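Both of the next two complexes hold subunit A, though its partner changes from subunit B to subunit C.
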Partner chain A sequence: MTARLRLPRMLTHSVKNGLEHEVGGETVREVLNSLFEREPGLRTHLVDEKGEIRPHVSVFVDGLQARLGTSVPERADIRVLHAVSGGAGLNS
Partner chain B sequence: MATYRDLVARALREVGELTPAEVLAQIEDLTILDVREADEYEQGAIPGARLIPRGILERDIAGVIPDTKTRLVLYCASGSRSALAAAAVRTMGYEDATSLAGGFERWKQEGHAWGDPTGLTSEQRTRYARHVRLPEIGEAGQLELLDSKAVIIGAGGLGSPAAMYLAAAGVGTIGVVDDDVVDASNLQRQLLHNVDRVGMAKVNSARETLMAMNPDVKVEMHGERLKSHNAISILGGYDVIVDGGDNFPTRYLVNDAALHLRTAVVHGSIFRFEGQTSVLSPYEGPCYRCLHREPPPPELAPSCAEAGVLGVLPGIIGSIQAMEAIKILLGIGDTLTGRLLIYDALDQDFTTLSVARDPACPACRDPERPPVLVDYDDTCRPAGNTVRTS
Partner chain C sequence: MSRIAVGTEKGAYVVENDQAGWTVRGPIFPGWKVSAFGQSQDRTHLAAVGSNWFGVAIHRSADFESWEQIEAPPTWPEDTGRSMSQIWTLHTDGDRIWAGVAEAGLFTSEDQGVSWDPVKGLNEHRTRDEWEPGLGGLCAHRLLTAENTKWVAISAVGVFRSDDDGVTWEPKNDGVATVGAPEDAPRPEVGYCVHCVAHDPNRPSHIWRQDHSGVYRTTDGADSWHRIEEGLPANFGFVMWRDESSGRLFTIPLEADSNRVPVEGKLRAYISDDDGERWSEAGQGWSDAPQFTGVLRGAFDGDNRGTFCFGTTGGKLWLTSDNGESWAELPSSFPRIGAIHLLT
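Now for the complex of A and B:
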């Protein structure tokens, strides 16, 4: 399966090939592994040492929150989300 | 030539009349329209009557009463103007419009209930005219807003537009929580403040701006940092919480306190060119911890001060927060409960993602055991749950 994956702008400086990728994989886990082959700098941002999605990261497949085992349909839209604290206050 | 009396008599033949007793007998099925002038209405009116003065009746009635099948009874002081008014709206399709026999004077003489309308003053009717014309708001909705209380965490980039739009909309009480002072570097995006107020407490600056915008609004200043010991006392009593905070420990604390209080949080956060907003409705939709179980470790989460933010971005996200807060206060529309709206300014793209409650969420899985309130460190790890006391 080939899906279109979009990364948050927060990760702009951790990628070499931009924030949008066409990636293959039957599940979210496979899609992320394909992504890491292309963008090795992302691995530490998105998954922990055990390969689990980090608790401040969420992955959505076609608009629905997904887990590593979630199936990825052909031409799915995958969105990766990162927790953001900012309110543009003095300290943020 | 037809005289005024002739016109009234002709109108009465067409629209008929209901006596005060007949109106009271059918009051559940009737909508009562007061077609007198605003100054007459303010001195006393029939309870539940909606005011549309005769002079603007044809212009405004569709906005106030969209359904032309509504059973209308119109009244004025004596029953003449209302007969003419009922005939006029019949020509617009309100076929069930009639007139109150003897008008307000007879109503009072017969000893039926009347009183000072709890309606808007004439100044408020002018100020909120564009709201009142919306059928989803109307005069009743505007009164509800004036009776509502919203609290805003942070008088910064998100809090500025949120507070200003809520004040302009006539949300009657606005609490502002911020322990900071205005800094020159804030002025690129924090519209509540200005050059003359650099060094002033942000809550004072916010109050000056909001009071100047709308004297109807009472601004409650909370010039302290939200902590576990004060979160309930500060946030309790408000109908909605707008989270424009700038750090993760406060966001998780706001989430936990809102679960105790069962008060909805309108979440907003921004980074560089990207913003996120959602409505966290306790035990109805996901909470903040359902969405983000833990914050990123500091090395993976540069702050806005380090990374920068385009000044307009919090203006857009904070304005959406104000919109969601007003919808919650009025109970209209579909809020962002269970949905996360992502805005990308560079692509000019809005995306809505669905977020479900996490049945294993340590914060909200059990409504009877909300989280223990603690002052989180940077890890914001859950500190356990407690027995609900309220």
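Now for the complex of A and C:
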């Protein structure tokens, strides 16, 4: 399957090939792994140390919130968004 | 001419002056907390950034204008159960760079900041289960290095020293008061909330320490610590800086842990020219208007040629170019400032 994936603007400095990608994969996990092969710097930003989607990051497939095991239809529209939570600063 | 990199809660900025006055460039990394700057032995600039959404990253630049993110920043292995929330310091030590991070630990790079390896002797220390965070989290925030001897400051754990180039480490906090425990309680091996350390590269066993519990000095490489607080309006704060050319020490006192603002709103740097025996207010130029703001440990930098700059949690910059004799507040305001780096 090939899907269109769009990343949030905040990740501009983390990519070499822009914020929109055509990526293949049967599931969100496979799509993200395909993305990470192309954009290795994104791995640390989208998944945590356990390999799960970060707590304040959301992935939507055709408008519905998805998990790593969610199937990705052909020509799906995938959006990676930062959640409403998580905008507060880190400790200083 | 001064050129100052400012790391804030939301982006980095470059502030510089020329004949036309002060200009501001940025934000660089808009939306990201810029928590530390560094510069490798080959003069490559480094910037550590973080976000509650997207975790941490390190970017490299030859000119401080175009940046490239490294592929893999310091990362905790999954089996540790730890998470990487912030890179607190990037310390160059010859051809090695040390990164102090939260959740507390050290990582090193031998390739100018491109790849990173954990320092297992510290990260898996026998006391690790007893490490507890302070308000700023459980973080390794300062490094001092002198040949094969290294010191790391961890909040709220204490100072550790390695005498074998970072292979093994031992806590070194004798003489430092514990915080949050009765005075007659048994002294723990760890649990000391060090805020900042600075040393004399020519006498590396002489170290000055701004701690949660006060201001201290050691002359034996951290084997023993002694209070040096005469002349200070308060013994709490986050800054400790030693100017290599003059030997002058700088700190910025805050009232107390329960009220982290300057005493009576009088924001002042304090200096000592006698290794901390006595402190006094630094020079002139301070605002008469109340300044109820703070200064964080990474938000003070000097060039060892008489120029020093610090940024406040209220987003203001203060600068001196005559070794602390006269100070001026710069015109712009920024988000909460956590990192200052004088660009040379």
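By our rule, the second predicted complex is superposed on the first by the 82 of 92 C-alpha atoms of A that agree within 3 Å, B and C clash if a C-alpha of one lies under 4 Å from a C-alpha of the other, contacts with A are read in each partner's own complex, and residues count from 1 in each chain.
Note that in this section a contact is a pair of C-beta atoms (placed from the backbone, for glycine too) under 8 Å apart; a residue touches a chain by one contact, two chains touch by 3 or more.
Fair warning: this is a prediction, and the values are worked out from it, not measured in the lab.
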**Contacts of A:G63 with subunit B and subunit C, given as first, second, both or neither** = first
First (subunit B), second (subunit C), both or neither touched by A:P40: second
Q) So, does A:M10 touch the first partner subunit B, the second partner subunit C, both, or neither? A) both
Exercise for the section: Check whether A:A83 is in contact with subunit B, with subunit C, with both or with neither, and answer first, second, both or neither. Expected result: both
First, second, both or neither for A:E74, with subunit B first and subunit C second: neither
### Query
When the two structures are overlaid on chain A, which partner does A:D48 contact: first (subunit B), second (subunit C), both, or neither?
second
Shared subunit A footprint, subunit B vs subunit C, residue numbers 10, 44-45, 54, 56, 82-83, 86-92
As the complex stands, subunit A meets subunit C at residues 10-11, 13-14, 40-41, 43-46, 48-51, 54, 56-57, 82-83, 86-92
In their shared complex, subunit A is touched by residues of subunit C numbered 9, 29-33, 35, 50-57, 59, 67, 69-73, 75-78, 80, 82-86, 102, 135-137, 139, 296, 313, 336, 338
Residue set of subunit A touching subunit B in the complex reads 8-10, 44-45, 54-56, 58, 60, 63-65, 79, 81-92
As the complex stands, subunit B meets subunit A at residues 153-154, 156-159, 178, 180, 183, 185-186, 189-190, 243-248, 251, 268-276, 291-296, 300-305, 307, 309, 311, 313-314, 340, 342, 344, 346, 351-356
